[in-house]
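Presented below are the structures under discussion, each in the form of structure tokens.
Same chain, two partners: chain A is paired with chain B first, then with chain C.
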Partner chain A sequence: MEIRPILSALMRSKVALVLIGLQIALTLAIVCNALFIIGQRLERMQRPSGMNEVDTFAVTSSGFGEGFDVRSTMEADVTLLRSLPGVAAATAINSLPLSNGGWSSGLVLKPDQRTPLASAAFYFVDAGALDALGLKLVAGRNFKPEEIGYRTMNDNVTPAGVIVTRALAEKLFPGQGAVGRQFYIDDPRTTPPTTVVGVVDRLQEPWVDSKEIEYSVLRPQHLPYGNSSTYLVRAEPGRRDEVMKQVEDKLAAANPSRIVRGLKSVESVRAEAYAADRAMALILGAVIVALLTITALGIVGMASFWVTQRTKQIGTRRALGATQFDILRYFLTENFLITTLGLLVGAVLTYAFNVWLMTHYESPRLPWHYVPVGFLCLWALGQIAVLGPATRASRVPPAVATRSV
Partner chain B sequence: MLAMKHLQKVYRTHLIETHALRDFSIHVREGEFVAVTGPSGSGKTTFLNIAGLLEEFTGGEYKLDGVDVGGMNDAERSRLRNEKIGFIFQGFNLIPDLNLFDNVDVPLRYRGFNAAERKRRIEESLGRVGLASRMKHYPSELSGGQQQRVAIARALAGSPRLLLADEPTGNLDSLMARGVMELMEEINRQGTTIVMVTHDPELAVRAQRNVHVMDGQVTDLGEEPRLRVPASPEPMPA
Partner chain C sequence: MFAYYLQLGLRSLRRNPVLTALMVLGIALGIAASMTSLTVFHMMGSDPIPWKSSKLHYVQMDNWDPNQPYGDDGSPPDQITYRDAVALMQAGKADKQTAMFKLALPIQPANPQVKPFMALGRVASADFFGMFEPPFRYGGPWGRDQDAAHARVLVLTSDTNEKLFGGQDSVGKTVRMDGVDYSVVGVLDKWKPRFKFYDLTNGALSAADEFFMPFTTAIDLRQRASGNNSCWKFPGEGWDAYLQSDCVWIQMWVQLDSPARLAEYKSFLDSYVNEQKRLGRFPRPLDNRLPNVTQWMQAQRVVPRDVEVQTWLGFAFLTVCLVNTIGLLLAKFMRKSGEIGLRRALGASRSEVFRQFLIESGVVGLSGGLVGLLLTGLGLIAVRALYADYKNVAQLDWTMVLTTLVLAIVAALLAGLYPTWRACRVQPASQLKTQ
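The block that comes next holds the complex of A and B.
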């Protein structure tokens, strides 16, 4: 191999070497970190909410006029919804996972505990919630219809029993089994503790950015906001869109003193919740493609220029005994060396960039395998990019050596 | 050493055919120093290119050191070129980004010699042209005459049987040209066959035989050579 003379010749073309090497280094640093960020975003977007998202949708009723009775409306609406053909289950609910809006509070085990053990989202639901949400009960029991009460914004009524997620149960009562245990969900100085009556496998908080996203509490209470109420409906498999079409009309016809709005599938709620993540992944993906394209074109351009510039030299090498393959190998080796030098600098830049992201954006540490995989990809890209010019070089006839121009 | 019989070289385009060489026959014996002269466009360079296996011919027969080169593929021609032929070009054709050591090393690497053998040959051939002390210098740091000496060292390093020189003093002043010519005569005295293409009559008369080319044909094969006996034979190891 001609590594030493190629390197020594490259050292005499430092500007080109530095420019293309720097381009490769920056490409590695940006591509590795961008891919890592994309991976994180995709992983975030793929987290299960814990509920059935495929067959469910939400709808909101807002009453108007004096004398609108939100409580009786809620009961009538839930009854109506459950009676509609194609509806598998329905519940009144204050908020939805992925909706980025809801109610949360700190939880403590003792009245004098100052620092909450965890912060959890509250879902105010009725006994049909587990069915409507499609949750899996892993311990304890569901709510009984007679346990369902009302909670307004100003009434501090704590339910006797609640259902919690498995993650929250483990957080509050690690390794002990949560059913039957008590903790405080409202102000511990003025309200009694509540008892865990059931544990569901998982149900995310409404806030997708929450660090404690798996901590949720189901409260057996209706929570009307003024005259508004929200319902979650689970359709029979494959009938969601069909049911959605009729729900709005049916609810409006049942009670003309309100507006029915906010009809939205949970799938669309998820899409909205992660729109920024999806956009970020797409933009970064486009940046990666653009960077790789520019780098490949840079290599092609540089190699093409060098082939043209060195035509006489190539002819001389051929005259001195180089085969076509020798010339091809020369340019491939030269590119490999340039790429490797760039990649070595790029590896340092990659980790430096990651440290900067960790410092300023709380990004996790880049897994070690990103850089070696990046090396392999950019080596391959470099070799593919230089193959065209190198092949052209190998076709330079040896007779070029004796041409005077 | 070099035998061409009724050689033809035709360049074809879709419009015209150009006969660069026609019925070209020449025989160069081992140890000869032959000058090939002729006006511009006479076919000298085409002859040199074919003799050096840089170009293929379209008809006739060419034997190099007894080997029929007709029908050889590119790789075979490259190998034969590397083993048997040394080139001296008018423009020196040194690689500007390589120092003298690495320049002389180029054909040796293609030959596949190991590092120690290459080093020995490079030092010996650069020493032979008086540039052993400047191995780490780059071509741009040398005069034209010195650069041509490096090119001669590069041509000699592989111990070729045949040295082909294309206007070797064409880019040199008279003093440098004389030095290069004396070096070539010395190399020939030591047994290397030299074929030199030139249009300089003063240079040509210093060869043992002058072959004149006109319109792609040999018009004068020159006098029968009287081979020189090597004065102090110091052949390069094969």
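The block that comes next holds the complex of A and C.
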């Protein structure tokens, strides 16, 4: 293999070597880190909320005027919603997973505990919630209709029993079985503890950025906010959109002194919650594609230039007995060498970039396999890009050597 | 000579259309990537009210749980309690001051054609308008006397006025909200701050306010904020207990016209909190903060991390494109060695060759900049489509258009520097010999 002559030829045009090498190095660093970020975002977006997101939607009622009574409205609304054709289940609820708004609080096991053991989201629901959300009960029981109370500004009752998620149960009572155990969900100095009556498999908090996203508590209470109340409806499979269309009119007709608003499928709530992650992944993807294109075109441009510059030498080599394949191999090997040098520098840059992201943007460490995979891809990219000019070089006729340019 | 070199440059670019297109496209893509992200970064990160941002200060006091700070980094709460807000308003020690919160209220239009709708508004004090300077179309703000009288008055934004009164002068007319009649004292003209810098707690990019109402009036009517509310202990039962509690849900801004006034206000605040400490409140160490608009934006991280990363990445991409351009320009100029040799032999000095090729690079840069500007526009359309709430910040302004063009030309000139230098060093004799 003629590596030495190639190297000495390269050393004579160091600038070209540096330019292509630098471009390859930066490309590797950017592509690896961008792909890593894309991977993290996709992983984040795929976390299950724990609820049935396909058949469900939410709707809010906001009453106005002196005569409006939010309690009787809530009860009438839930009854009405459950009676609609195509509705499988419905519940009053204060907030939804993925909605980025809700109520959270610190939880303690003993009244004198200073720092909370965990912070959890509260969902204020009725006995239809497990069915409406499509949650799987893994221990204990569901709420009974007679357990459902109210929580308002003048009525601060702590419920006797609550349902928690498996993740929260494991955090509060590790390895002990949570059902029947007690903890404090409200101010432990002024309120009694509550008992776990059931455990559901999984239910995310409303905040997608939450650190412990699966710490949720279901409270058997209605929580109207002023005159507003929100409902979650699960339609029979395949009938969601049809049910959504009639719900607004039905609720508005049932009580004219209110506004029916916020009609949203949970799928659209999810799309909104992760819009920024999706955007980031798409933008980074576009940058990667553009970067690889530019780099490939740059290699093509430089290689074509070299071929033109060296037409005479190629002719001479051909005249001295080199085959077309020898010439082709010369350019491919040359590109391989340049790319490899660039990649070695790029590997250092990649980790430097990752460390910078780790210190400034709380990024995790780049898994080791990104860099070797990046090497393979860029080697391949370089070889493919140089193939065209190299083929052209191999077709230079030996007779060129005898002519002047 | 400039015109002649420009002509030569254009001719040379036309001679090699593929290579030229490659260079222009490279610069254009690099410029578009960096400028799209920089525009969003600039629109979100730059001072929204530069003529007085250093005079407007946000009030932070640490009334939080002795066992646990409010912020992970130990920072005090980003809002204050009702009782402290009222105490500070009554003391009136700042040049201007407003307590405020976000409020959602149903509007019941008199016009039966318009269905009742939920309006998101702001509860504030009279000084709000003098502090943040929204322009008025009709009427004006309510006065401090109306604050004191708990007057049932409203300032509408132009969109709400359009909806309710068809854009007519509605000053003096009545608007019914949640069963209560308010009379309109003023209507704002189009007011489009790029983001809601006066309420960073409830989302800098959240929807624009639809009405403004006096703070005292809203409290009279027991309106609860629809923005963020945080309590570290049980507030007690009922509205009055809530008002007296340590729950934070009110934002407070003060205007202090000089550094001396700022120092005075800071010491007033410290003595207020120390007095409260003697009453058994404020169990944490004294930590009052009065960040100005830009400091508060930094503390609340208005520019999302993603946008910062995108901006860095955009410029890294531009670097790659420039390195690429250096290579291509080098190839192009070296190919013209013969021509350069000829010109040099005919008497052109090095500096003239230098000028000629630098102008050629500049032409590439300008073309790249123009195409890049177009692509930046498309990029921003894409950003607006991807982020629903970026519609006010993913917009080009004149500063950014100029920056784009200047950046493109500077970038191309920088990229052209080395190839041009190489071109000047061509030895006339060696080139002429091979011909």
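Here, the second predicted complex is superposed on the first by the 402 of 405 C-alpha atoms of A that agree within 3 Å, B and C clash if a C-alpha of one lies under 4 Å from a C-alpha of the other, contacts with A are read in each partner's own complex, and residues count from 1 in each chain.
The definition used in the following text is that a residue touches a chain if its C-beta (ideal position, glycine included) is under 8 Å from a C-beta of that chain, and two chains touch if they have at least 3 such contacts.
The shown structure was predicted, so the numbers you read here are calculated from the model rather than taken from an experiment.
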Requested in this report: For A:V157, decide between first (touching chain B), second (touching chain C), both and neither.
Outcome: neither
Query raised in the report: First (chain B), second (chain C), both or neither: which does A:A9 touch?
Result: first
Query raised in the report: Touch check for A:V373: first (chain B), second (chain C), both, or neither?
Result: neither
**Report entry** chain B versus chain C as contact partner of A:A399, first or second or both or neither
**Finding:** first
Requested in this report: Mind working out whether A:T316 is in touch with chain B, chain C, both or neither, as first, second, both or neither?
Outcome: first
Query raised in the report: On chain A, which partner's contacts cover more residues, chain B's or chain C's?
Result: C
Report summary line: So the chain A residues that chain B and chain C both touch are 404
**Report entry** Residues of chain A defined as touching chain B within the complex
**Finding:** 2, 5, 8-9, 12-13, 312-313, 316-326, 397-399, 401-402, 404
Query raised in the report: Touching chain A in the complex: which residues of chain B?
Result: 45, 48-49, 52-55, 74-75, 78-79, 81-83, 87, 89-91, 93, 95, 97-99, 102, 105-107, 109-111, 138, 154, 158, 166
**Report entry** Residue ranges of chain A in contact with chain C within the complex
**Finding:** 15-16, 19-20, 22-23, 26-27, 29-30, 34, 37, 62-66, 106, 114-116, 153-156, 186-187, 189-191, 225-227, 258-259, 261, 272, 275-276, 278-280, 282-284, 287, 290-291, 294-295, 297-298, 301-302, 304-305, 308-309, 357, 361, 404-405
Query raised in the report: Within the complex, which stretch of chain C touches chain A?
Result: 19, 22, 26, 29-30, 33, 67-68, 104, 106, 108, 115-118, 177-179, 223-224, 226, 233-234, 237-239, 242, 304-306, 308-310, 313-314, 316-317, 319-321, 323-324, 326-328, 330-331, 334-335, 383, 386-388, 418, 422, 434-435
